[in-house]
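By written order: A, B, C, D and E. Residues from 1 in each chain.
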Amino acid sequence: MLIEPLLEIRDVSKTFPQPRTLLEVLARQPKRTLHALRGVSLMLRPGETLGIVGESGCGKSTLGRCLAGLHTPEGGEILWRRQPLSDIRRADRSRRIQMVFQDPYSSLNPRMTIAQMLDEVLFVHAPSMSSAERRDRTDSLLQMVGLSPGLKNRLPHAFSGGQRQRISIARALALEPEVLVADEPVSALDVSVQAQIINLLESLREKLGISIIFIAHDLNVVRHISHRVAVMYLGQIVETAATETLFGNPQHPYTQALLSAIPVPDPDIRSLQVGVQGELPDPLSPPPGCGFSTRCPFVMDKCEKPIPEFFDSGGEHHVRCIRAHSSTFSVPA
Amino acid sequence: MISPVARERWIKFSRNLNLQLGLFMLGLLVFAIFVFPVLIAHDPLAVDFDSALIPPGADHWFGTDDLGRDVLARVAAAGLVDLQVVTVCVFVPFVIGSTIGLVSGYIGGVVDTLLMRLVDILWAFPFYVLVISIVGALGPSVGNMYLAFSMVVWISFARIVRGEVLLAKRQEYVQAAQVLGFSHIRIMARHVLPNVITPAIVFMMADVVLTILGVTSLGFLGLGIQPPTPEWGVMIAEGRNFILDGWWVSLFPGLAIVYVGITFTLLGDGLDDFLRPKG
Amino acid sequence: MITGASSPLLRVDSLQVRFGSGKDAVTAVDNASFNIAPGEVFGLVGESGSGKSATCRSLIRLYGGSIASLPKGSITFNGRDLVRLSDKELTEIRGAEIAMIFQDPMSALNPTMRIGDQIGESLRRHQNLSSRAARERALHLLRSVGVTAPERRLDNYPHHFSGGMRQRVLIALALACRPKLLIADEPTTALDVTVQQQILRLILDLRQQTNLAVLLVTHDLGVVAQTCDRVAVMYAGRIVETGTTRQIFRRPAHPYTRALLNALPSSAGRKDTLAPIEGEPPSLAAPPSGCRFHPRCPLAVDACKQAEHVLRAVEPGHESACIRVGELGC
Amino acid sequence: MTFFKKSTVLATVAMSLSLAALGVEAKTLRVGVSNDALSMDPIASSDNPSIMTQLLIYDQLVHPSKDGTKLEPGLAESWKVSADGKEYRFTLRSNAKFSNGRTVTAADVVYSLKRAAGEKSQWGRFFRPITSYEIVDDRTVVMKLDQPFTPMLNNLALFSASILPAALMEEQGEKFFDKPVGAGPFVLEQWNRGAKQVFTRNSNYWKEGKPAIDGAELQIIGEDNSRVLKLKAGELDAIVGVPFNQVASLKSDNSLNVGIAPVFRAELVQLNTSKKPFDDERIRRALNYAVDKDALVKGILRGNGRVATSSLPVMAYHNDDLKPYPYDVAKAKSLLQEAGYSGGLKLTLLVPSGSVTHRQVASAIQANLREAGVAVELQTIEASSMFSTTKAGNYEMALSYTTSDTIDPDQLVGFTAVNPERANAFHTQWKDARVNELYELERRTLDGPDRGKMFQEIESRVHDGAPFIFLYNQAETFASRKNVEGFQVLPTSNYSLEDVTVK
Amino acid sequence: MPIAIYCLNRLVQLIPVLIGITLIAFLLLRVMPGDPATLILGSRGTAADIAKLNAQLGLDQPLWRQYLLFLKDIATGSFGESIAYKASVGPLIWERLWPTIWLVLFSTVMAVVLTVPLALLAAVRRGSVADAGIKLFFIVAMSMPSFWLGILLVLLLSIVVPVFPVSGYGDTILERLHHLVLPSLVIALATAALTVRSLRSSVIAVLSADYVDTARSKGLRSRQVLWRHVLRNSLMSTISVLGVHTSWVIGGTVVIETLFGIPGLGSLLVSSISARDYPMVQGLTVTFAVLVVLINLLTDLAYVAVDPRVKLS
């Protein structure tokens, strides 16, 4: 089954130059840059949920922002149905790709009522709609995300975190996009509410047939919602696979460490054995070879240079680890 | 039916003692400025050497000055003058400075860098030095004073608003507006501006006090509003020579300035609370 | 394994904590009772706003700048009632006998003070050490919590440390005077999972070495399952269930606990929809009557609206506040 | 023990003690003045503070007498003017010495006066009538003029005619003025610009036993009020420039003496006669009638002055027969009506900024004229640009004043009444052929009653022609503590300190 | 980065600011209407004199050359020739610089001495009568025109209770301090009005910071917590407020020096303006701006001294 991908991310890189002082410029000291994305390639099929996981600073949010148009990548390209995304006008792009943000407390303009917020989106993008039509559409959007339209004349502060995330989703869906980038949409929510939002996203995806890029650090959540998962570390994708493959047979040592670090909510399975030591290296000067080589329990000399290529271990399971290349050394699940 | 937003505002206002008191005092001030002149029927400019330096009493509530002019009438007339000056010298720079700060902060890049360098440079000139140099070089007049103040004060507003814009730009609701494909003008006007302007408004209240102090200091140096136009600072400057024998001549305009100071400090604090969004 | 029954180190009885005054007063913790034995890791679990943080902070009266009235009830620690101590007397206990670590290691260290001095401060206060001796001891402590190159690190400022390292420093700081009880308020929430694992391991190891009792506050049921001996579950300012960790996870005796466990993505079937708890947690300013969970409880009956809050034993060491506990089938 | 320590110790307890402590420095006089000098070069100065300091440290051939009526010997013990008025012969004192001990010689005189008449001098005009000098001997110098110039002798009493040590100046150039050497009663010891000038007594001064004090300190205190307060607090021994409205209260202070010096100064409103309606003499006279000058003197000067009769101050040859225009609104109105302005007038008045008194006078004039049916708009203008504005003829009325640097009326006649001359009747453009004629004549007439009559006629013609509103001659006010004797301001507005004693 | 490199860095950054300052001071007086020479010469000016003075001032040159001449004058330290004093502006300004610096320093020290205890009191007892009283006191202090407050203080502390001199500036350091007490107090009260407010609110903010809880959890006594942990961290925002306020303080010296007869830059500016001494005004404007820039630099250094986090960049 070959479905044409909706989005194709090809070798995208993004850096953030660090400001230099005038003296440094005069002294011709080298520029320092933060490599947020280093050659990321991914693709998204219609109707699927792609999970992107990684710890803080791995570049997963930068990737989401590149897709939504908040950042412009320097290298590589992002294709929308084979057309470069950079060729598409801002307004058109916003009708295709929308975004839900992490922080329900800062993602809504505190000075606009919910009705004003949704109305504005419709007003800007569908100028032909009458105000009555817009009012009806606002109500139906709110109902769609499980909120009572009776609340629409309130300001955001009157709502709880979960409700605000619903409003954010309604706002994003007002444009009927095909792709929703959800950047840590539930990480600020309590477990009970988190489940509500996850269910909502799931049902909306099914109902509207949209694709979701679900960015999160919580592996359990990603595992639950995603069809495929990409694991990121230090600006690179280290492993991608279908969800069950990845969680059932993780091949990259980082993925393994990550999985083993999740505290299992079962007192009978106590597995608090520390998988990896240390913390993320300085992203301003990442290791020249495998990004994980500074912490990897299986590190070898060969890991330290150059950056390992992707290895396709079959069934769309890609791993960026030299040990995966050597068939003699298969990693136990 | 009252909208929930309006009701919330009303509740917020009803709990905001600073704002209520400040508005009350401002109302009283405006009332005094417009009603006293009618009520007391003394000409603030009428010179009468025979009734010079009469202490406060039944006929002259605040006494008379050395030229026999009624101090109350002059304080009230001066209030009008000062409020006009303040309105121009504060409001115009507020609009100009906020706009520049908003656009500069939002656009960023080279425009912002250049503009902020200019602001840095202008900022290095002490307020009084710049104003005195401008007024001194152009000659003392109300118009030149407006010009000098406007040239100097906008910097503060630009700095304040720009700083806030840089913070707001990082807020997710501004990013959401960008992702929603809104035009930059719309984002600036509807999403950024309402959320960054509060500190500028609050500073505007403080600036009223600073401006009155500036105007009066210029008057004291003989570079501000020129007599016989009544102005609080000039009145104090004129009255300070006989502060022992005619304390009322400079006391009442002094009190008027302090009154305005308290009024606008309360208004500033009150507006800060009132305009800050909840949550 | 030590159980809650043997002479407790800390006994909290009918604790009530109120914030603010007059009309705006909020009761953050209502009628909370529990006890912790020496060397025990006791978990306090609940969602945000459930009062778990207020509970643990009230033990040593640190409210992060909020104004709280003196807690009601009794807090018996090592034979003394902390509620009756003056603020000044309480400073003798803080750091020396009860120590605390906080949620955000990034902001919990004084940014303008060297690490060594921050650790030494506690030692000098309680043990009258000379600055040289305090430094030696701080060095030793840093080494024991796994800070690399501690000699160099002593003179560094907090901003030179990563989040995980800062939490290690905070632990070193808390344990400087060998306290008997460590209050850990969401100590790993701000950390990445791989680092969280390291920190939790460290706490458990230290407990092992020094017979330290730990009051661990968390919202993460996974963390509870992995670390705690016993658990109290809080909802809307009240403890709704206590028991051993195994009892709570295997035989939850309160609908809230049960719903919470069911809402976890990991416990749902791979592709099934999750089972969230409908509605939102109540506001503590106007809590529901009776059992505070009744508006969201699928098992609620009319009686729940009037039910008094009492913890009843379900089995030895396992108590629940649900009046319908018998019908839950556990 | 310094004052600082003492006062902090005793501060609140014993004010009298700390004041007593000040008495220890009895022989130094501390004078408070409003402005600092700018330069010590007599030919480059025209500001009063510089002039006054120069008069303390330099000496001239002749001096005005203290009452301002005649000239007295200075460095020259005697002089002779030839009958045709073309030759002046001066004999210097044998004991006239500079502060460095060198004798003042005829060569110094010639050098200094040539310099004063030179290219760089701002006062050249005053000395250029001298066409040649002859050094007869060390103590005798003869100056020759091409034609008689009667004000000459008075000009030689000007500060700009100060005698400087020629050799030293040649040697030091401009540096000389950093540490100037003169033949005056005092030596400038220290000059903290903007703060104070410290003088010590010139022990070589020719006048026997003078100065009576060991030294003096001029403290620059710009604020009128501070100056008064400092005097009251005993931080100063004497001050110049007491605000008029404080004179009365200072007079009632037993520890102070207040003095009022009639100086050569006249306050005026310039009327631009080249513009309508000021070209009409009736209008100008009407304006003079419409202003209540007595009230100004009483209300603003607090009596410290007298109503002016013309643009000339009360000085030599003053015409005592002239009476000021009385305050007569009816007369003013009828004159206005006569001139065809019964329907009222709208005029603007330039007011120099900075002077409190001028602001008040302007307000009063505005109020007065309103009653006569003339609406006046006040325009404030930076004091220093006032002159150039009126010079350009860019005004209707301007509030201003004149002062005389000499005791001879010639200077002010030329300045305020003659047209064409350097100021064209002080920018009023008023022209009177007879006045011009008298001016020419007066300058060539030897000093005496005949010349006096000419001045009196000029004065009366100016009075009648009314190119100004003549306001008043204001007095200079000064005050000193009771222990100071002999401190006074002279008619030429400067103060002599050589006769002052401090008890 | 060591502190020396930081200083060097900041100094390098100053270069464009300094160029801008000179340019603005230069343009400010060139674009003004009116012919300086005519204004300066006044009653004695003939057309030839005016032309001569214009040449002497360099006003007959094109604007850019005038600016270069101005820069040259600055570089040689002469800042041009004063019209009123007929001497180089540079040395005259240098002489007048020190009273102003003393005044600014002294008033800042006073402001800090006033601020710290009052702000701590107000913050720790927030909502109390003391808090409200401190607030009201400083609102009034801030609303009072400085010359008015100065007059009142002189009346009270120089005339009624003669403790401090009415005005002037002494010769020795002690005398100067004595003379500067009242003027500094006037400035300090206005400054403190601002800093007390700022320090109070940042103390309140810091009091609820996590690290204060950490400090308390160590069992430190409240005074130790306040001085070692709260104050130092609260001071940082106040230092920047103070830095921003410097420009206001330095400008305020114009009025204060005039009122108290202090022979500093401010009183020189006022007298130079009324004397139309353009080169002097220009030199003073530049000096004032450079002073502000240098004081801001010092503020930054103070900031670095207090806060180790400030990335030395």
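Going forward, a contact is a pair of C-beta atoms (placed from the backbone, for glycine too) under 8 Å apart; a residue touches a chain by one contact, two chains touch by 3 or more.
Since this is a predicted model, take the numbers as computed values, not measurements.
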Please identify each chain that touches subunit C as well as subunit D.
-> E
Min distance from chain CA centroid to global CA centroid: chain E
Report which interface contains more C-beta contacts, comparing A-C against A-B.
-> A-C
Please identify which chain has its centre, taken as the mean of its CA atoms, farthest from the centre of subunit C.
-> D
Compare the CA centroid of subunit A with every other chain's and tell me the farthest one.
-> D
So how far apart, in whole Å, are subunit D and subunit E when each is placed at the average of its C-alpha atoms?
-> 38
Whole-Å gap between the CA centroids of subunit A and subunit E | 52
Starting from the mean Cα coordinates of subunit B and subunit E, work out the distance between those two points in Å.
-> 22
For subunit A, which residues are shared contacts with two or more other chains?
-> none
Two or more other chains are touched by the subunit B residues 136, 223, 237, 240, 243-244
Residue numbers in subunit E touching 2 or more other chains?
-> 34, 151, 155, 258-259, 270, 274
Contact set on subunit C toward subunit E in their complex = 60, 62, 64-66, 87-88, 91-96, 99-100, 102-104, 107-113, 118, 121-122, 125-126, 157, 159, 170, 173-174, 176
Sites on subunit E touched by subunit B in the complex | 16-17, 20-21, 24-25, 28-29, 32-34, 136, 139-140, 142-148, 151, 155, 247-248, 250-252, 254-255, 258-259, 266, 269-270, 273-274, 281, 284-285, 288-290, 292-293, 296
Which of the residues in subunit A come into contact with subunit B in the complex?
-> 65, 68-70, 90-95, 97-99, 101-103, 105-113, 120-121, 124-125, 153-158, 168, 171-172, 175
Can you name the residues of subunit C that touch subunit A in the complex?
-> 47-48, 162-165, 192-198, 200-201, 204, 219-227, 245-246, 249-250, 259-261, 263-268, 270, 273-278, 280-281
Quick one: which bits of subunit E touch subunit D in the complex? Just the residue numbers, please.
-> 34, 38-39, 42-45, 84-87, 92, 95-96, 99, 151, 154-155, 158-159, 161-170, 172, 174-175, 177-178, 258-264, 267-268, 270-271, 274-276
